[in-house]
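Next, two complexes with chain A in common: one pairs it with chain B, the other with chain C.
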Partner chain A sequence: MRRVFIKSAVSISVLDSFLQEDLSQLSESPNGAWTLKEPNYRDYVAPAMLRRASKMMKMSLASSQTALEQSGIQSPDSIIVGTGLGGMTDTVKFLEGSIRAEEGSLIAPGAFIQSGHNSVSGQIALLLKNQQYNMTHVQKGLSFEYALLDAMLRVKEGDDAVLLGAVDEKIGVLDQLAERMTWPEDMRRQLSEGCSFFVVEGEAATGVEIVEVKISKTEDLLSNLDRLLESHSLNLTDSVQNFVGYSELPKADLPFAHQVYTDRVGRYFSSSAFGFHLASDTLKHQGKPGDFATVIHFSDLQFSSIMLLRRV
Partner chain B sequence: MDLKLELKEKLIDQLNLEEVKPEDIKDDEPLFGEGLGLDSIDALEIIVILDNNYNIKIGNPEEARDIFHSINTLATYIEANQK
Partner chain C sequence: MNVYVTGIGVVSALGIGVAANQDALASGRTGIVSCETRKGPKLKGCLSLSDEVLKSRLGLELSAQVPRTAMLAMLAAEEALGDTVMHTDIRSGFINGTTTGGMDLSEAYFSALYLEEDDSEMVKLLTHDLGTVTQLVNQRLGFTNYVNTLSTACSSAANAIMLGARMIKAGMIDRVLVGGVDALTDFTVDGFGSLMIYDSEHCRPFDEERVGLNLGEGAGFLLIENDKSLAQSQNKVLARCAGWANANDAYHQTGTSPEGNGAALAMIEALKVAQLTPSAIDYLNAHGTATKNNDNSELSAIDRVFEGVDVDFSSTKANTGHTLAAAGGIEAVYGIMSILTGAVFPNLNWKNKMLSSDRKPVLTYTKKEINAVMSNSFGFGGNSTSLIFTKA
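Up next, the complex of A and B:
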């Protein structure tokens, strides 16, 4: 069975992460200031595409183009994206237009076209003129993990390079919804947004290998984590770092050393992609062959995830 | 307001032509292709502009090709067909 490696990684977040060589060296965001640090999109996206693009689309186009450039891949064998909520800005624009429209009148099509969850992967494919496998996974706080599982399967079945992404944008109504769902204030304050894109490939002499991705019942997560590491003859205490994130759950007291990435970039459904990027950079720049790191994402009361990466 | 100027402002607003000013759009230059560079989604947006603002419905796509050629052709059609 082919192994799967990370060829390139690009993230846009509330930290200064875009084009940052090593995310583990990023300075912390000011407490409570969750303002997206965006690049100058005009440097990465054609004006004709940019003028119609929402923030989510701009983040995705800039990150995906850069990840492809860094990998030297012009057109991937698959484009796979994970998103918890899809194009919220365009969804709201379309729904508001529908509400305002009188019976029998037309509604502007632009927002409708881009409000679909798959509009990101579709626009990237259009831009690249890529007609290969194109998929979007929408699984709330595990959207990136399911996209990653799909990407790994594609590589194991023969794809040479897969463009894999995760993106979610924040709009005002999410604050109101979180309040109505009685989220505690410290969780509401962390509502955020971000985007990560990767090129994953099947062959590499050195680099960071994606060893395993496991979806687990949240209540069994810690025992499943031990079992997973044991199956690879690894021990959690030997990990270079354990990166932990939260979507819809409050922070937990965990019985092992770890770093909480959602404390750095905030909570958004696909934030585990940032944790994954952080783990990859940590192993790449600080690890030696054989070292490993875990990314543990507490999604909701039902399901959570474990990702295991190893330096090769 | 002059209809042509009004049309230019509505196009800029509705089509998110962020860096274009009304004076940048010449009355007789093509809106699609080599001129302003609009595309098929923009054509749909213009159909909505005509419907919502001037109560004009474009039923025949072939007809739209000529009507949407330039600001001049759009304004002429609106003046002749506005209800």
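Up next, the complex of A and C:
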């Protein structure tokens, strides 16, 4: 089986992460201020597109383009995106237009076209004129993990380079919903948004390897973590860092040293991609060959995930 | 590694279950009827059972918040799964393709909000997202190793089938329930209306005079297994999933290229994976939405891929309506029914040959030996998928 490596990584988040060489060196955002730190999109998105594109699309175009540039890959062998909610801005916009429209009246189709969950992966293919495998995974907090598993499978099937992304945008309705449903305080306060894109590739001599990605029943997450590390002859206490995130679950008391990435960038369905990026940068800049890091994601009552990365 | 199809389940405007759909297809019946909507009558392929009737059929509490999409999926998924039981030694998964998710309930909330300034039903938004709908369905099925949703517009279910087959081939999993579902919503009916491609009459796939599609709803699922899983389940092999491919048209956000480049790439690659020549395909269930654009580019692609081969093809969209994400699942089931019954299903409402090609679709229910079937599904974002099933 071919091994899979991270070639480049770019994230937009509430931290000043865009174009940062090493995410582990980022300073914290002011407490409770979850405002997306966006790049100047004019540098990445054509004017006509900029006018009609949602925040989700703009984040994705800037990040994917930069991830490709940093990797030196012009056209990837696959484009794979994970998103928990897809284009919420355009979905709600078209819903309102559709509901308020009278019989026989015309509704502008723009928001409907953009509302599709695969509008990001499709748009990237269109801009790159890329005719390869194009997929969008939409599974709540595990959307990124399932996209990553697909990317790893594509590499094992023979792809040299895969463009892999994760994106979710926040809209006002989500805040209202959290308020109305009286979600736990830390979940309500941490509702956020962000975007990460990576180029992952087959065989490399050096770099950060994606060793294993495991989906687990949430109740078995910690026992599966032990089992997974054991199968690679590793011990949790030897990791460079364990990055923990939460989607729809309250924070847990964990019996091992860790850093909670969702306390830094907030909670959005595909935020584990940020944890993955953080783990990759930490290994790349602070690790020596053989060092490893874990990303442990408590997603929802039913399912969660473990990602194991290693410096080679 | 062989990928065996051992279960099929389907729900459409033609009815619930493989038998009801087989009868309707064989007799050339359509499930598309005129439905009253807030904005006047619309022709839709609607399963003629209310949410309440579906809930009672599924044994769900009437008050339970379950989107229609989830209920359609439960019916088809349980038919495909049959008596198969979970086993701890068999790694099992569920991959659902959908685009509407809980939209039927979301739009009920937003309608009350916008039209009556009533925001009391906000709880309905909790089942909006696609992954939640998949997990609701899975609560009845009980898969634990892998439960995922794909959403690539009208090729979603076909991509779910392809992903399951790839995972089995790579040895990642032993058994996967794959397919997709979409319920009718005002959101999608208005969406295609806004694009000016919704026919106010019955849709006419591959007819020169076609003007657009009618939407439909439904679900189609396949149970696929490897040898190890088969030894445990003792299920009967119905067919093999032999070929699959996804390519991108990379031409336009919604429209397809006149030459059908993405479609041709997907069909050629699927034939390569299946190690079959075009002449080996006994029946092609086309995407055939009856929009000017789709049928033109799909037929161009068929002309190129099947050059010199007079392949039997038809679109069943005039029977079911375009069921969006579910189409690839429903039509994969139809493809396997074609293999099992040795028959080609007719393309309804066809009168005029398209000017751009010499081909015309199969117009009558035709019995013949079917060894290999191709099924096409194309979606917005240039997403193009082709699947091939062969006789067991």
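Going forward, the second predicted complex is superposed on the first by the 310 of 312 C-alpha atoms of A that agree within 3 Å, B and C clash if a C-alpha of one lies under 4 Å from a C-alpha of the other, contacts with A are read in each partner's own complex, and residues count from 1 in each chain.
Heads up, the rule we're going with is that a contact is a pair of C-beta atoms (placed from the backbone, for glycine too) under 8 Å apart; a residue touches a chain by one contact, two chains touch by 3 or more.
Source: prediction; values computed, not measured.
S.K.: Going by the contact rule set out at the top, does A:A46 touch chain B (first), chain C (second), both, or neither?
M.R.: In the superposition, A:A46 contacts neither chain B nor chain C.
S.K.: Answer with first, second, both or neither: which of chain B and chain C does A:L19 touch in the superposed model?
M.R.: neither
S.K.: In the superposed model, which partner reaches more residues of chain A, chain B or chain C?
M.R.: C
S.K.: First (chain B), second (chain C), both or neither: which does A:A257 touch?
M.R.: After superposition on chain A, A:A257 lies in contact with neither partner.
S.K.: Would you check which partner chain A:P109 touches, where first means chain B only, second means chain C only, and both and neither mean what they say?
M.R.: Both chain B and chain C are touched by A:P109.
S.K.: Looking at chain A, which of its residues have contacts with both chain B and chain C?
M.R.: In chain A, positions 106-109, 113 sit in both the chain B and chain C interfaces.
S.K.: Give every residue of chain B touching chain A within the complex, in rising order.
M.R.: These residues of chain B touch chain A: 14-19, 37, 39, 41, 44-45, 47-48, 51-52.
S.K.: Mind pulling up the chain A residues that touch chain C in the complex?
M.R.: Against chain C, the touching part of chain A is residues 79, 84-86, 92, 94-104, 106-109, 112-113, 115-119, 121-123, 125-126, 128-140, 142-143, 146, 150, 153, 156-157, 173, 176-177, 180-181, 215, 217, 269, 300, 302-303.
S.K.: Applying the document's contact rule, which stretches of chain C touch chain A when the two form their complex?
M.R.: 38-40, 99, 106-107, 110-111, 114-115, 122-123, 125-126, 129-132, 134-135, 144-153, 159, 163, 166-167, 170, 172, 186-187, 190-191, 193-195, 246-254, 261-262, 265, 379-383
S.K.: Considering only the defined contacts, which chain A positions touch chain B in the complex?
M.R.: Chain A residues touching chain B: 47-48, 51-52, 105-110, 113.
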